[in-house]
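Got a structure for you, written out below as structure tokens; questions coming shortly.
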Amino acid sequence: MNPVNYLYLAALLFTIGAAGVLIRRNAIVVFMCIELMLNACNLALITFSRMHGNLDGQIVAFFTMVVAAAEVVVGLAIIVSFYRSRHSASVDDAALMKL
Amino acid sequence: MESLIGLLVAAPLLGAAVLLCGGRRLDRTGHWLGTGLAFTSFVLGLVLFADMLGKDGEERALHSHLFTWIPVEGFQADAAFQLDQLSMTFVLLITGVGSLIHVYSVGYMEHDERRRRFFGYLNLFLAAMLLLVLADNFLLLYVGWEGVGLASYLLIGFWQHKPSAATAAKKAFIVNRVGDVGLSIAIMLMFVTFGTFAFEPVMNSVGETGEGKLTAIGLMLLLAACGKSAQVPLQSWLGDAMEGPTPVSALIHAATMVTAGVYLIVRSGAIFDAAPDAQLVVTIVGAVTLLFGAIVGCAKDDIKKALAGSTMSQIGYMILAAGLGPIGYAFAIMHLVTHGFFKAGLFLGAGSVMHGMNDEVDMRKYGGLRKYMPVTFVTFGLGYLAIIGFPGLSGFFSKDLIIEAAFAKGGTQGWILGGAALLGAALTAYYMTRVMLMTFFGEKRWEADAKGDMPHPHESPKTMTIPMIVLAIGSVGAGAFFDIGERFVHWLEPVTGFEHGHLPDGLSVPMVTGATVACMVLGVAAAWLQYGRRPVPAAAPRGSLLTRAARRDLLQDDFNHVALVKPGEYLTRGLVYLDHKLVDGIVNGTAAAFGGLSARMRRVQNGYARSYAVSMFGGAVVLIAATLLMRAV
Amino acid sequence: MADSSFPLLTLTAAVPAVGAIATAAVPAAKRELAKRLALGVSLVTLVLAAVIAVRYDPNGDRFQLTESRSWIADFGVRYELGVDGIAVVLVALTALLIPFVILAGWHDADPTGKQSSRWRPTQGFFALILAVEAMVIVSFLATDIFLFYIFFEAMLIPMYFLIGGFGDKAHEHGEEEAARQRSYAAVKFLLYNLAGGLIMLAAVIGLFVVTNDQLGAGTFSLQEILQARADGDLEISTNTERLLFLGFFFAFAVKAPLWPLHTWLPNAMGESTAPVAVLITAVVDKVGTFAMLRFCLGLFPEASDWATPVVLVLALVSILYGALLAIGQRDMKRLIAYASISHFGFIVLGIFAMTSQGHAGATLYMVNHGISTAALMLVAGFLISRRGSRLIADYGGVQKVAPVLAGTFLIGGLATLSLPGLAPFVSEFLVLVGTFSRYPAIGIIATVGIVLAAIYVLVLYQRTMTGPVAEKVAKLPDLRAREMLVVAPLIALLIGLGVYPKPLTEIVNPAVEHTMSDVQKSDPEPDVNPVEAAHE
Amino acid sequence: MNALAQAGYTTSTGEATQFWVLAIFAVAGALGTVMMKKAVHSALCLAGTMVILAVFYLANGAYFLGVVQIVVYTGAVMMLFLFVLMLVGISAADSLKETIKGQRWLAMLCGIGFGVLLMAGIGNASLSSFEGLEDANSGGNVHGLAALIFRDYVFAFELTGALLITAAVAGMVLTHREKTEATPTQREQAAQRVRDGVQVPPMPAPGVYARHNAVDIPALLPDGTPSELTVNRTLRDRGQIRDVSAQALADLAAIEQRTADYQGKALEPDTGDDAEPNGSVSANAGGKAGKGEGE
């Protein structure tokens, strides 16, 4: 089997995640979908590093994870405070950008 | 000597500048300054005349080149003067009659608080008219041409508080402008054809180009002449021009300006000689106008309008003569000069009558004035005899010569033109006798004017009578003086050329002369029968169809109104509407369309982060597709 | 004349620019100071312009007093100034008119008292006028197309504020209607000219690309491009040249304005104060016609030749259409605006007649039209400011109460109908002759325009100045000293240039010959070789 | 692994089978994450997918990252998610019914297009050849990474450290709520209740008159209708209220029936005195509203 399949898988997962982000209203689920996308990217990166035979891909994936962790912290905090003020975790309730 | 030519124009121009810019402090002395400067240029003219007589025929023409006016690649317009016998004739006429009328105006305008400005305008007119006749190229002539138009505009509308006067002035200027179009097109044609528009080179190289172009130039010049000299079809302004003060009518609309057209045609005689078709049209216009004016003159009750009709008709004679070519040029100018004398005299007389009658112009309210203003009566009478061509007086000679020349053209044309001229002579006698009888004979028919005070006619002051006397002398003697031994013809011959016309066989000079006199007698008799024997009704009878048409200037104004004015108004209104609705509407419509479009497009901004995300995602898709396509290509 | 080390041209443009900033900085209380400062600056500029006119040598190189600094090296944009004869007279015209504009607008921008004391309209007004002057002068001087373009567009900003901010208070439907119309006019002006400028920008870039392909290094320098064309290094393909020409021409036709792109002018001139209206029609719009003559003909001769028939027809339509609409107007400022449209038609006619008389006439026409319109419009402005109405119907018999005003108005009007002896006649006749000698039919039709001109001028004069005195007019004061100071010199110029235009023609002629050689045209020969008059 | 070194193009069949089996589960998990109605289930599906990904990492020779994936993601991050879920609780946001018109179809369209394009891109990227990580991982994967992190990427590493700290602080700041005024004493609360007049007595306890007193069972009013006031608000928001009123009413009816039988007379007059409890119901409704404001 050619490891390119890993890339196909990554692409598939990324797409699914993206679709989830667009479809779901619950902020937390949306967040999970984002995590899913990140993971898909990581998989791709790691496959690349294997293809090119050096570890830089893994390093990038590593940083991605770190950043993702930080992002999760902040994002969830935002969700919590938003819930406090609105009693809702729906992204559609934050529609202040409406004209 | 050449330098004097410049002074000739400069003197009245200076007067105009000083009087118009001088302000109130000149109000008391201004009119004498104007008159003095007019006389100055008259004296200068005499000096030059004397000098010219000193030389013989061909060397008499003087040239003075002041400066290059418009120097552009391939286009040389000079400010240069040319004083030959033709110009000299006009200079003397203009400055002489002009000076007399200045003097007359001193008395006539005495009670007008804007007299200073009036004299300023008069001087301006003199300057422009002198420029017109002294210019040595058509472009400079054009300057004078429009200059006299401006002066005439200012003077016709001098009593601007009267809407009728303002309208008449505007009408005169605009109709003249139509003629000016002709003149400027003629100049352009000359430039394209000869590469220049100075008199000498153009006339010298006439032979080197085709007749077609010359005909075009000639017709365009004729159009200009029609505008300035109130010839059919551009005659409509002259009648209304009588709104101006009477001295103006005498100087500009009888003696000098209106004859500029004749000058133009005679001056460019070489062109017309080479373009017979154009000449034919000129004669036709002349003949038509001389009848037209005469008919109008027969029906008018307003003394000045009647005289205006007569002027139109007399200039018709001149144009007719000028159209006859070398046979007629000299006679045209000669009639022009004599007409300048007697018509100016007649107008001044009319002015004197109005002066005594509270500015009443309706002849039906005159009558029996000969007892009250004898001097006016005598001078006016002499002018009257002169214009109807009473044997021995100047009109007799000049008009008779023109009629002979008309017959001498030969063929049917000759007969038609001559017949028209004869008929004109009869009509002239008729309407002038009518004026004479209604004004000075019969019992008095005076009425109180609008302010309710009865006129008590009296003789005018010396400042007014003296010029009338001088002009009367001129109108008696000038013709004989000119005609005896063909003095005038020989004087002009070097410029205009001359050839004796030969009457068609079966005609002889005495026969023509006799016919003329007979016609004159007929006209007088007819008028006496109608106005001399029985009293003149105070209210004009309804009259025949022709009479009524003639009272309305043969419907010329109605025609212009229907044919030009109304359509013009509709056109402008329509265009204003279109400009607002269509041209502007398209622009504003586009703007509105964009407004509506954006109003729809902002609906996309529904504020939901998710739908924004969709558009982002879609953008990403498009980008990837684009990159892939790029790589595939 | 050799390239002088002293940057005279830059100085001429810089003086009003600096003056504008200084004027704007004058504190609110010192209003009079601001006015005097602005007037002084404009006079200094006039002196400098005179120096240019003196230093310019008609028989010297095509472009003189040139300056050249590198600006945006990557795109070959240079700061290049230089004058040819046409630019000299137009710079002189601009510098000459601005002092009169400032004098005429002396009280137009005095605060009405409603605003707070920090409100400084006067300073702004005069600063904006000076800014416009500076930009116009640069665009006349620039020989680098990109530099020209920038100032050609930048002009719009101060003009926008002058029109929208300081409009004519007199309006039949009261103050707020006036304000509405004003902002409408300002926006219309801006959008029209921006649209034109946008298309021109595309053409400018296109030109750069072309030069970049063919000369190796792209350039905006007019002189270099002309040189390259002359040497045959630059061969623009027909279609490209036509497209570029259209891009340039559109912008200039909007600015000039040519039918049917004209409708912004009546609004702008009608709603703005008389001095600003003069600024628009006598100064700013001249950039358009000037640019047609310099850039359209200079850069794209073949394309100009190709477009000539259409342009001539458009010009002809403008002449007659403008005159006819002028006859139909009820508002005197709009009437003068439409008259200007007619005159711009004459100018374009002269430019595209491609004869030296036409070109010389068009150039003189720009100057003369500037002066005559300024005279007429400023006097009209004085009249309007007295009576507080722009409607012709509200006047009558002014000549009786204010003879001097009426007289100057009449002279301005006579100049507008180009009476011989006044300056406009010379240029108009040259244009007509130039057109006639190549296109007789068009020349004849255009000549009809002089009759229409007589009609709209005299009707205007008759309705306003003559007849019985209208009520509310009876008390009108005659011209004041300041106003005389504005009008008298203009009238003197009209007469002077009408009688003796030689000084102008001498400066213009060589430049005209250059342009004629650019378009590779020569005047049509007369049928008969002119026989030299004896006294020549 | 060594086999893999020679055959530079394909991987061992073992890995292949592992990939195909696990990939299916991974995709299924991902789909579950998106589709599950309840957030908790989504979280669990996601966790599953992540674990599978961790296995793939290991298979790809990224041992360190594989472990980190399990520890950090599946361990820490997902737990964090569950905590927040517990805080926020379930809400109307969970319903999968789409509210924005056309959103779902657009999303689907873009998603499919995106996926197809991406795969096409990978497809024609001609990535046939690849060399494994043998020599890269020769000194051990962790050493290799460490060498890179602390030599080449040390600066980025430092930055991420700073980033993490900032994030931690941010989390605290965002969730921290400053107490502005002193908590009202019992007396003040009582005074307040009397002042705004609604629901003067304390909230009724859940389960009153009900069969049993579970916390999610509303108390029954004298006429047998349930009073939602008696149930915790979070439960109310989630709609997790077990309504037993019907049964209670049935019992009540049975009791009355029995009484009636006992007394041997029909029960007409009983309906008249329903006015009072109705009034209390309305009062309760008002009280509910009042509580709403009070929050």
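Each chain gets a letter, A, B, C and D, in the order it is written, and its residues are counted from 1.
What we mean here is this: a contact is a pair of C-beta atoms (placed from the backbone, for glycine too) under 8 Å apart; a residue touches a chain by one contact, two chains touch by 3 or more.
What you are looking at is a predicted structure, and each value in this text was computed from that prediction instead of being measured.
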What's the minimum number of touch steps needed to get from subunit A to subunit B?
1
Distance-to-centre winner among chains (Cα means, whole assembly as reference):
C
Which whole number of Å gives the spacing of the CA centres of subunit A and subunit D?
17
Centroid distance [mean C-alpha coordinates] between subunit C and subunit B, Å
37
Please work out the Cα centroid separation of subunit C and subunit D, and write it as a whole number of Å.
73
Distance-wise, how many Å sit between the C-alpha centres of subunit B and subunit D, to the nearest whole number?
105
Expected list for subunit C, residues touching two or more other chains, is none
Could you tell me which residues belong to subunit A and also touch two or more other chains?
18, 22, 25, 91-92
Subunit B residues counted as touching two or more neighbouring chains
606, 608, 610, 614, 617
Where do chains touch, given as pairs?
A-B, A-D, B-C, B-D
In the complex of these two chains, what residues of subunit D are touching subunit A?
9-11, 13, 15-16, 19-20, 23, 26-27, 30-31, 33-34, 39, 42-43, 46, 49-50, 53, 56-57, 60-62, 64-65, 68-69, 72-73, 76-77, 80-81, 84-85, 87-88, 91-96, 98-100, 103-104, 106-108, 110-112, 114-115, 118-119, 122, 127-128, 130-133, 135-137, 141, 144-145, 148-149, 152-153, 156, 160, 163-164, 166-168, 170-172, 174-175, 177, 237
For subunit C, which residues are in contact with subunit B within the complex?
188, 191-192, 260, 262-263, 321, 324-325, 327-329, 356-357, 360-361, 397, 399-400, 407, 414, 419-421, 425-426, 429-430, 432-433, 436-437, 440, 443-444, 447-448, 450-451, 454-455, 458-459, 462, 465-469, 499-502, 505-506, 509, 512-513, 516, 523-536
Contacts from subunit A onto subunit B in the complex sit at residues 18, 21-22, 25, 91-92, 94-99
Partner subunit A, residues of subunit B touching it in the complex
602, 605-610, 612-614, 617
Applying the document's contact rule, which stretches of subunit B touch subunit C when the two form their complex?
20, 63, 65, 67-76, 79-80, 136, 139, 142-143, 145-147, 150, 153, 157, 160-161, 163, 165-167, 169-170, 173-174, 177-178, 180-181, 184-185, 187-189, 191-196, 198, 200-201, 204-205, 208-210, 213, 568, 571-573, 575-576, 579, 583-584, 587, 591
